[in-house]
Each structure stands twice: as C-alpha cells, then as structure tokens.
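Consider the two complexes below, in which chain A is the common component and chain B and chain C are the respective partners.
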Partner chain A sequence: MIYKLQFADLLPYWDVLVRGFVFTIALTFVSTLSGVMVGTLGASARTFGPRWLSALVSAYVELMRNTPFLVQLFFVYFGLPAAGVKLTETQAAFLAMTINLGAYSTEIIRAGIEATPRGVIEAGISLAMTRLQLLRYVILKPAFQKVWPALASQIIIVMLGSSVVSQISAEDLTYAANFIQSRNFRAFESYFVVAFAYLMLAILARAILRALGHRLFPKA
Partner chain B sequence: MIRRRIFQAMFASAVALCAFSGQASAEALDDILAAKVIRIAVPTDYPPFGSIGADMQPQGLDIDMARLIGKELGVRTELVAVSSANRIPYLQSKKVDLVISTLGKNPDREKVIDFSGAYAPFFMGVFGVKSATVTKPEELSGKTVGATRGALEEQELSKIAPADVTIKRYEDNNATVAAYISGQVDIFASGNAVAAVIAERNAARAPDLKFIIKNSPCFIGLNKDEPKLLAKVNEIIAKARASGESEKMSQTWLKAPLPPGF
Partner chain C sequence: MVDFSLWVIISNLLLATRWTIALSLVAFVCGGAVGLLLLFMRMSGLRALRRLVVLYVEFFQGTPLLMQLFMLFFGVALFGVEISPWMAASLALTFWTSAFLTEIWRGCVESVPKGQWEAGASVALSYVEQMRYVILPQALRIAVPPTVGFSVQVIKGTALASIIGFVELTRAGTMINNATFRPFLVYSIVGLIYFALCYPLSLLAKSLERRLNASR
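Showing the complex of A and B:
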C-alpha cells in the first residue's frame, strides 16, 4: 500500500505552525543568551573562585549533566509550585533550558580556559592588566575562540531538545505538530513538515553562530 | 431408502438442537435462579469502577452493583474480570449473564446486545477548585483550562469555549492531572472517573464539577431476547435509585453526588 501524502490538510493550521516556529526561535534565542552567560560565570567561578564556590558549581554541573532534560523540565513546572514557585509553562521552559545549557556550557568554556597556557596569563599580569582585563582579554576571549564550535553544537542540541517543552503545554513547533495531528490525524504530514522546519532552523542557527564566531572571536 | 432415513435422522436432531438452544437462551433468568449463581463481567483495571484492592479482591462501583444484583436475586455473584475489548464477546458467548463494566450505549452495540437503564453516571466535564465560579462554557471567559490534547473532551471544549479562554493542552492524562494538582491550572476538562481518583488521593484539591461536556452514562449489558432478565435488572436498578443506594455508591466511589437529571 502506498501512503498518499496530503499536505493540503495542514493548511487550515498554518497559524499554529507559524506560532510554534516563532516560539521555538524565541525560546532558543533567549535561553542561548542566558545559558551562555550562566556558563561563562560558572566556568570562571569554577576555575578562579574560592573552593566552596567551585564545589557548588561542579555540583550544579554534575546534577544537570546527569539528569534527563525532561525530568528537569517537569521538576521546574510540576515540582516547584509545591515550594511556592509557580511559573507559567513559558517561564518554566526558559528556566529549564537556561540551567541545562548553563551546565553544559560551563564545562565547555572551562575546557577552553584550562587550555590557556599559564605563561600567557603571567604575561598579562606583567603588563599590569587589571583582573577584569585579564579575565576578558587574556582568559575568556581565547577560551571562546577555542571552544566556539563545541559551544555552537551544544546550542543546536539544546534547540532540538526544546521539542519536549510541548509536554508542559508550551506551544512550540512540536506542540504544533502534536496539535495538528490530533485534529486531522495526518501524523505523517505534520511531523514531516515540523522535522523539515527543525532541520532548516538548525542549519540556519549553525550558519549564524559560525558567522558570529568569526566576528566576535577572530582568529589572530 | 437408507439415504433418506439418514437425512431424516439428521434433520430431526438438528431441529431438536435448535429447540434446545432456543429454550436455553429464552430462560436465562430461570437458569440463573436454578443454578443459584449469576456470572457478571466486571472491570478490574479501571478505578473507581473496578480495580483490585489491597486485599486482592475486586472493588469499585461496578463490583458493588454486581453484588447488589446477586443479592436482590438471592443468588451468589460470580465476578468475571474482563477488559473493555472483550466484555461484549464474553456476553455473546454466554460466558457471563451480565456485563457491568462502564458500558456506554451506542447504535453499533445496540445491534448485538440489549441495555438496561443507566446505573451510574459517566461523563466528560469541566472540573475545578471550589472557588472557581463557572457553571457554563461562557463563564470560562478569560480563564485558563487544562485538558489532554486530542482527547474527546479537549476537542469538544475547543469548540464550545469562548475565544478568550486559554486552553493548556497537555501530552497525556497524567500531565493534565499533575498540572491541576500542582496548581498550574485551577480548572480542567476530564472524565468523572479521573476527577474521582483525584478527589480520593488529593482531598485538598478535590475537584468540583462545573458543567458537563458530554454525557454517556453506564448501562448494564445483557444478551438480546432476555425480557425476563432485563425487566428484573431494571427493577433492581430502579429500586437502588429510589432507596438511595445509587446515591451512596456515587458518593463512595465517584466522590460526588449523582449529577442533576441523572
């Protein structure tokens, strides 16, 4: 039996698809910014911070890297209200993605920092740089230069992983597919279109991140 | 000649067989009373209508109803656990005399079996915390309602709710229940069985029925052409309704009074 694809059945739901598409982009964009920020702070704290802070950050990293994202999401959405913290599904999705990407990027950026030779840092000190200048120009910039491709991959992974936020009723791309196929029973077509949309998003995000890397952290 | 005699013998025995089986099906109630046992198909996988209790015995509204019928007939009740897929075949193959298993009425089923009067309420509705004042779909305006994506009640709700209602569609029934219990939503659409289970396990947020979306009460199923059994079962149901027994079962198992108009 040959299945006959009927994409026309999706047309009445184009607005659901567009809204899901925009939501996934926005979710990825904001949580990438905040996640990488958390990662930078985490990596700096873990490498240069006092011992207790370093231990705290590594506990956070281990906790996040060794639990499923879906469980983290459910914890934030269904668990935290018991502690009096009630977040909407959109806030919960942003928070879960930020802490998840934050943990992974902490590890990635830390690897970049540790790859900086000690002599370079000492050279910076001998040039009478302030601590902030040292961190910014001598430590972080070369670190990002080295790990940018790894960080970009992680951002794409988190973007694709964001598909599970539909489980807590956040209306992203996957939600759109689930919703449409629950209405017209065209599962194949719905997921086909959404898979293609994710593919395009991933290719686009990779291109943007590469261009951004070249611009922000040019190879000397 | 011999051939003809064999044919006559076969014909005669066929007639006798027909007469025998015809008699057996016409007198189901007499058979039950003679055997002093009634076999009733019940669910054991669908609380609060039927489940296995901590003492390994079946329990639930359907089980109570089955025992009540046995008691009223003055015979022993033999419970037969069935699934929702095989409950009608069990009846048709006469492995059981009655099916009491949250059976809803529809035209396809009515072609093959008979139904008694309704013995228990079963409906899709909108439920919520006590403080939410909603009595009809229009009053949901501006509110947020949780529902399971793709479920019958979600599709119906999407049609009848005003445009400014936010419907949060969760992946499955468990997520919808979790969203209500954790306070992410104060109103949700579901079946009364689900609401009863929440009330049982989480009394602090026991859901109140706000309005019914789709009503599909439970009927007792029995084989066709059993007028005596049907009349007797209907009599028992009517008696239970009048004596308050039905109301008591609803309170015990569904944690709610019988809905108005039931």
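Showing the complex of A and C:
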C-alpha cells in the first residue's frame, strides 16, 4: 500500500499556522534584541570589568554553552517556579532564549573586542574621548563589524532552536504543527510544511541580517 | 508516598546518561562517515552531485533539528515501517551531524592552498590520490579542533530525542521530576551532567585550536 500525501487537509488550519509563524518571528526578534544586549554587556564586563565580574560572566557563558537549550528551557519554566519565580510559557521562552543567545553573543562580541588593536584605543584616549564614547565608537562598533557574520548565523541557530519552546506549550510554529497533526492525523504533511516555513524564515533572516550589516557598517 | 533520596535521583540520571552517550557516539560516528561521503561528492567534478550536497546542507542547516526528528519519526511510518524512537533519533541526528560536519570539513579542505592540488596533478596523481595523499593529510590537521568543538553540539542535540520519547538524560529528568516534584533540583542535576560531558570537549577543542595556531 502506498500512502498518498494530502496537503489539502492542512488548509482549514491556516490561521493556526499563521499565528505560529508570527509568534516565532516575534519571539526571535525580541530575544535577539535582548540577547545581543546581554551579549554586549557581558563582553564589555568580561574584557574591561574587574576580575570577579569577568569570572562570573565566564562561568555563565560556559554553563550556557555546554548545556542543551531544552534543559535550560525546562529549568526556567519548571525549575524557577519552585524558587518563587513564576513565568508564563511565553515569558519563559523569551527568558531562556535571551540567556542562551546572551551567552553565545558574549563570546562572539568578545572575540571582536579583543581583535581591536591596543593602539586604536590609545588613539581614542589621546583625542580626549570620554569612556562611553570610547566604548561606543572605538571599541564596540568595529567589534560588531568584525563579528557580524558570526553573530548573524548564531541568531539563525537560535531561531531554529526556538522550535523546542513548543515543549512548554508556547504557541510557536512547531506548536502549530503539533496541534494540526493531533487534529487531522496528517503528521508528516504538517511537519513538512512547517519545516519548509522554517527554511524560508532562515533564508529570509540571513538576507535581512546581511543587508542590515551592509547598512550599519558601510564599506565592510 | 515514596521518598526519593538525592542519591536515587542522581544514580537514575547517571544510568540514563549512558543512552545520551550512546546516541551521541552513534550520531557522531555515522554522521562523520556520511559527512565524509558528502564531502567527496561536494568536492567532485560532477555539478549535479555538488548541487545535491548544497541542497542537503541547506535543508539540514536551515530547518530545526526537532522538525527533522518529527519528519523522520512520522515519515518513515508512512511506508508501513515501524520505527523506534532510538532508530529515528539515530538517523535524524546522523543526517543533521553529517550536514554540519561536511560544511566544516569543506572549509578545511578549501583552506589548503590551490598550489597543493596543482602540485599533485603535476606528478600525475589522480583526483582520489591527490585528495588522499596531498590534501586530506593537511586538511585533517586543521579539521580536528572544529570537529571536536562540534561534538559538543551533537551531545546537546541528543536532548531533543527526549521529545519523541527516547529515554535519555533529559527524558529521564522529566520522568524523575514527575515522580518527585522537585524540578529545580532535578533539572539542575541534568544540566550539570550535560555540562560534565560537554565542558571537557569544549576545553579540548579550545586547546587544540591554540596549539594549531601556535605551530603556524
């Protein structure tokens, strides 16, 4: 017996798919902003902060980079309430993605900062720049320019990794697939369509991030 | 109500860790083999083969591993073949690993200067011989640190097998949590066990990379 694929059975659920799609985009967008912010702070603290802060940041980075995102998510969603922090699914998903991307981008941005020659910073000091100006124009901007491609691919990895937030029933794209296949029993078709949607999202995100890179760092 | 001592929790999690390790090894070894095959296809003269590998890589790097797991788990069943979570997880992780490894290794092969290929050709080595005796030995040296680094991603990837019902470390953690209602403790220990597996590999990758750069 040969099974016939029936994609038409997905049509009645198009609104579920669209909602999941939008949720995944929104979640990725917001946690990218907060994650990169955490990464910028982390990288600055690790390079310029006092010894104890640098050690603390480094412990955070290693802990996050060497444990699965799924376990981090479960820890945030199931574990933290036991410690008195109650979060909704969406909040937990957002928090877990932020701390995860925060750790990776700390490491990526730090590499960019360390590639800045010492003389450039000294040149900034000799121009009587304030510490904040120095950090912003002399240290962070060139650092971001150098590591932009690495940061972009990490953002896409995090977006694809976000599919596991469906496991705490945050209503993302994967949740939509699970929901649909539990209704019409067209499991393969549902997952196939959603996998394709992720693929399109990844290609789109890559293009947008590249364009953004050209815009933010001309001539690079 | 049965009381679970800390030791019972830890020992059960450690028992489940064996399956995480087994799955990681299978995925890494099989994925490496498939990845090597793909690498040869990617570097070959046949355009169709190269295209095929590019598409393969694009698909497995551009979709979530979880989707790949689901599609394999439910897709194979469409052919009337029963597939166990263990098989589905091994296969999906193998494909996923091979796509990443073949890209990593391609970068390494391409970083070998072109003159090396030409030198091989000028002493009448065939394509396979050039690859085998000239290029791969040099590429291999460069390839070791990122390959070790990627093994960390493979171990972390195996956590997703828990979602299709394969009992490894994460799944065991969920089951034990359901029995003990101590999520903070259980997931902390689960996280620490993963950390104990992955961190040495991360350190190794870093030190190998440093050594490689120092010798240049």
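Definition applied: the second predicted complex is superposed on the first by the 215 of 220 C-alpha atoms of A that agree within 3 Å, B and C clash if a C-alpha of one lies under 4 Å from a C-alpha of the other, contacts with A are read in each partner's own complex, and residues count from 1 in each chain.
The rule is simple: a contact is a pair of C-beta atoms (placed from the backbone, for glycine too) under 8 Å apart; a residue touches a chain by one contact, two chains touch by 3 or more.
A quick note: this is a predicted structure, and the numbers were derived from the prediction, not measured.
Enquirer: Just checking: does A:F179 make contact with chain B only, chain C only, both, or neither of them? Give me first, second, both or neither.
Expert: A:F179 sits against chain B, while chain C stays out of touch.
Enquirer: First (chain B), second (chain C), both or neither: which does A:Q167 touch?
Expert: Both: A:Q167 reaches chain B and chain C.
Enquirer: For A:I203 in the superposed arrangement: first (chain B), second (chain C), both or neither?
Expert: The answer is second: A:I203 touches chain C but not chain B.
Enquirer: Which partner, chain B or chain C, is in contact with more residues of chain A?
Expert: C
Enquirer: I'd like to know which partner A:F69 touches here: chain B for first, chain C for second, both or neither.
Expert: A:F69 contacts chain C only, not chain B.
Enquirer: A:E107 contacts which: chain B (first), chain C (second), both, neither?
Expert: Once the two structures are laid over each other on A, A:E107 reaches no partner at all.
Enquirer: Using the touch definition from the top, say if A:A82 reaches chain B (first), chain C (second), both or neither.
Expert: So A:A82 meets both chain B and chain C here.
Enquirer: Considering only the touch criterion stated at the top, classify A:A195 as touching first (chain B), second (chain C), both, or neither.
Expert: After superposing on A, A:A195 lies in contact with chain C but is clear of chain B.
Enquirer: Looking at the overlay, what does A:A187 touch: chain B (first), chain C (second), both, or neither?
Expert: second
Enquirer: Which chain A residues lie in the overlap of the chain B contact set and the chain C contact set?
Expert: Comparing the two interfaces on chain A, one with chain B and one with chain C, the shared residues are 74, 78-79, 81-82, 166-167.
Enquirer: Which residues of chain A touch chain B in the complex?
Expert: Touching chain B from chain A are residues 74, 77-79, 81-82, 86, 89, 166-169, 175, 178-179, 182-183.
Enquirer: Spell out the residues on chain B that touch chain A in their complex, using ranges where they run on.
Expert: 146, 149-150, 154-155, 168-171, 175, 178-179, 182-184
Enquirer: Considering the complex alone, what residue numbers of chain A touch chain C?
Expert: Those in contact with chain C are residues 1, 3, 62-63, 65-72, 74-75, 78-83, 160-164, 166-167, 174, 177, 181, 187-188, 191-192, 194-196, 198-199, 202-203.
Enquirer: Which positions of chain C touch chain A when the two form their complex?
Expert: 58-59, 61-68, 70-71, 74-75, 77-80, 152, 156-160, 162-163, 170, 173-174, 177, 182-184, 186-188, 190-191, 194-195, 198-199, 202
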